[in-house]
Amino acid sequence: MAPEIIGFLMIGAMLFAIFIGFPISFTLIFLGIVFGAWGFGMKLTIFLMTLQFYGSMMEQTLAAVPLFVFMGFMMEQAGLMERLFKAVQLMLARMTGSLFVAVLFVSVVFGAATGIVGASVTILGIMAAKTMSESGYDVRLAAGTITAGGTLGILIPPSIMLVVMGPVLEVPVTDLFAGAILPGVMMAVLYLVYALGRCWLNPKLGPPLRDDQIPDSRSHVWREFILGLVPPTILIAFAMGSILFGWATPTEGAGMGALGSVLLTIGYRKFTWKRTYDALLKTLEISVLILFLVAASNFFGAVFSRLGTPGMITDWLLALDLSPSLIIIMILAMVFILGWPLEWVPIVLIILPILQPVLVEMNVNMTWFAILVAVCLQTAWLSPPVALSAYFLKGVAPDWDLKDIYYGMMQFMTVQIFGLTLVFLFPWLALWLPGYLYGN
Amino acid sequence: DAATKIQVQSVIPNTADEVVMLQDFADDVKALTNGEVEFEILPAGAVVGVQEILDAVDAGLIDGGFAWTHYWSGKHPAAMLFGSPVAGAGIGIDNIAFMSWYLNAGGKELYDQLWKEMGVNVKGFMLQPVGPEALGWFKEPIETMADFRKYRFRTPPGIPGQTYKDIGVASVAMGGGDILPALEKGTIDAAEWCCPKPDSVFGFQKVLKHYYLQGLHQVVVNADLYINGDVYNSLTPLQQKAIEVAANASLMKAMAYRINENGKALDKLINEDGVILHDTPAEYFTEYMAAANAALEKNAAENAFFKQVWDSQKAFARTAVPYWAQAQRTNANLGAAYAETLKKQ
Amino acid sequence: MAGNETDDTIPIGDELLAERRAGPGSRMPDDMHPAARSIIHGIDTMSEWVGRIVALLVVPIMFAMVYEVIARKFFVAPTLWAFDISRMLYGMSFMLGAAYALMHGLHIRADFLYRNFEVKTQGRVDLVLYIVLFMPAMIFLLIAGYDFALKSVMQGERAGDSTWAPVVWPVKVSLAVGVALLLVQGVSEILKSWYAATRGRWPS
């Protein structure tokens, strides 16, 4: 059988096998071995596996994951993040869905500071899930907001994905960074409009505080708000500020944030060695959960690429004789569909270079195209079953049903497609800022 | 009968200049073998990551790989002497002189020996001499080495980068993806990448305007093709010869291609993007050369094969470099005279 | 499921990972075969201790990053080692911690079907999959990982993509060791699944 066909069977088998309920990492590794051995031999498959695992182990940008997770746990143990969300809720007491505002606000701040989805989703989950549940928020909408908000990190610069995409499409990364800002903020606004719109139609989805929970004294509310807001603001300023003001790379900023969280717990007299060690253990647990899965899915994706299936799909596409707009729609549809089983790395590195010459020939603006692909690829994080964000969130909010997380993410996939349509219809969304900053 | 298809994974996207030249080489081989041998070029990351290409070729996971041989300095220190001998191996070898050593003064035999020393089942072909690479991009002009030392400079991997540290430059280690954001935000003040064309594709001109072409860290740079030993041995002698002939042709073609492409890119950088080209401070050359020599001496003392290769290069350089330096001066003066007439127009 | 049902409350904090299972401290049931009991205890204790030590690696990563930022920003004296130290320690920590995570049931499952199975069925599914899927995969990865690490040690291999260029075999050895630990932990999980498949309840 042709290896490309084996690739299709592999995806089919994966869709079935994952739902048996065995740990996903090991299921992916096993399927990679079986179908790799079938397609190109056992010796090479297991060798590919060691290479992929080693590659994931030496990826310095991912070292930000344990650091940000540790920061999250330290803040959580000191009760500071809960207090922040409570404070926002108190301030917006009579507003339905106020926590969605808080989550998306923090998402944008986080997105502007990091390029790592795993860290954003996990930390938002740790910080917000408890408060949302206790306040009677709808699990699906809450999970969708957290996962969608978390994926903003790969769109809002700095973004690892755009950094990889730039050289592939021969567009300066700075242009891509500038181009992604408006669409990124737009997506956050769309998420917000969606979440609040749903709450407006059905207040039960994000209930406001009951009258007896709202203190009479306005000054008390302000006091809580400031006390809740100041510590995390200091910390975010410490971590994110060090990145945004150019003192630190994202990984280094994560280290600053981690140390900052320790100093903050000391300042709040909440520091104990035992608590800190507990936070370290939990950090290890969550980091393993995320990073082992990243390594396993990299291996799975590498086998799939090696089987040649993505290339074959691209060839089909090019064989059709269509107008530029239709080709772009087809490409986006393909990226969208491939985002289901794959993460963004194989899509960006294998498919885009094959398409690049064709698009250049058709005079497609490559900055615009890159942003379209980037917005489209965000869905790869939101499309089950290989949607790492779902598993990251499940890891920190274990009582949330994975099925509900899936449903929540799929609602936001719809919002995502709406946003994608806007960027497609109004290219200036992606092109105005780079033109304003860098000319032409 | 059916063609032999050799899959080659590169370390860069398929749109890069190096791949364009590699494809040209592949077309030559196909024509020379009557279509019997075909290369299929896969982009970076298609099968394995950049750092794993040589291991993958060795194991037969991919038939072939394409990279700069100094990428494998971690596996054997002498790889650097073939891929990017720091500061012209410390003995004044430029990329053309290097080709003379490689083709005419025993370099090729040592190159074949390198893979045995490394313990990998690989047949290598040098394809693309692309040096000299630029010193890099700076936020502010540097007049002296004291100026240079004020800036945080993203340096290349291995000894070429360590040598900057040795001469007191604030050398920053950073992944390729972090460079541009770091420059934009001022996390670092200066950086090097390659040469005008790749640098402008990377986009440095959008954040930094001061460009220095004269640098020593990668004055000689060669990109190579690696074929798995078993795959190579399965070819007929005629097919093997065709690859060798096409590879030798590629050495010249690559040089030709790069002069033209880098020239056009530099012209655009200066005349359209507002980049200012500067001369590198003279003391840089002496300081960097001295530090590079110390690093080379240290490696030669630690590794016998490294010493053997370097000794061979030194023996070549003793007679070749004094001649070539004189001849190059003619070339430089000739070029400079023409460039002057352009300025007057 | 509506969000305002009380069973949606998430007790984050100490019960952060609801699916997490107790460590080796928990006593295995009396009706388990004594040999199985001591094997499980031995293996779990080892994984627990490895995890407890490996968890500390975040601390040097954190200080390396902070040191680098301060040295570079305020003293124009960046280090060459912080970049490599951070990625090597991070990579080692998640591979060496993988067995610890397996013991605590932390590797995520798409479990909305699995969760509703009878415990006996869960045990049988796990038993079969640990033997048919997990163990062979880990054995293959161990064989390849061993060769991979050995070659690197023999070459004294250094990183080819960083200025500092440290030896990288500690990372490759950690990969092999991490897989070996996973393989050993798999034996413990097989015995626990066997118990669940036959007795209809999980041992801890």
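Think of it as A, B and C in the order they're written, each chain with its own count starting at 1.
The criterion applied here is as follows: a contact is a pair of C-beta atoms (placed from the backbone, for glycine too) under 8 Å apart; a residue touches a chain by one contact, two chains touch by 3 or more.
Source: prediction; values computed, not measured.
**Q** Hey, which chain is the most central one here, using CA centres?
**A** Smallest centre-to-centre distance to the global C-alpha mean: chain A.
**Q** Looking only at C-beta pair counts, which chain-chain interface has the most contacts?
**A** If you count contacting C-beta pairs, the leading pair is A-C.
**Q** Could you tell me which chain lies farthest from chain B when each chain's centre is the average position of its Cα atoms?
**A** Of all the other chains, the one whose centre lies farthest from chain B is C.
**Q** With chain centres taken as the means of their Cα atoms, state the distance from chain A to chain B in Å.
**A** Those two chain centres are 37 Å apart.
**Q** Where the centres are mean C-alpha positions, what is the separation of chain A from chain C, in Å?
**A** Taking the average C-alpha coordinate of chain A and of chain C, the gap between them is 23 Å.
**Q** Any idea how many Å lie between the Cα centroids of chain B and chain C?
**A** Computed from C-alpha means, the inter-chain centre distance equals 41 Å.
**Q** Listing for chain C: what residues touch at least two other chains?
**A** If we look for residues of chain C contacting two or more partner chains, we find 82-83, 148, 159, 168.
**Q** Multi-chain contacts only, two chains or more: what residues does chain A have there?
**A** 47, 54, 58, 60, 247-248
**Q** In chain B, which residues are in touch with two or more of the other chains?
**A** Each of 51, 55, 174-175, 187 in chain B touches at least two other chains.
**Q** Taking the complex as given, what residues does chain B use to touch chain C?
**A** Counting only chain B, the residues touching chain C are 50-51, 55, 70-76, 118-119, 149-152, 155-159, 161-162, 165, 170-175, 187.
**Q** Per the contact definition, I'd like the list of chain C residues that touch chain A in the complex.
**A** Chain C reaches chain A through residues 1-4, 7-14, 16-20, 51-52, 54-56, 58-59, 61-66, 68-69, 73, 82-83, 86-95, 97-98, 100-102, 104, 106-115, 117, 122, 125-126, 129, 133-134, 136-137, 140-141, 143-145, 148, 159, 168, 171-172, 174-175.
**Q** Looking at the complex, which residues from chain C come into contact with chain B?
**A** For this pair, the touching residues of chain C are 72, 76-78, 80, 82-84, 148, 151, 154-155, 157-165, 168.
**Q** Could you list, by residue number, the parts of chain A that touch chain B in their complex?
**A** 43-44, 47-48, 51-52, 54-55, 58, 60-61, 157-158, 160, 163-164, 166-170, 172-175, 177, 243-250, 302, 305-306, 345-346, 349-350, 353-354, 356-357, 438
**Q** Looking at the complex, which residues from chain B come into contact with chain A?
**A** 12-16, 43-49, 51-52, 55-56, 59-61, 174-175, 177-178, 180-182, 184-187, 201-203, 206-207
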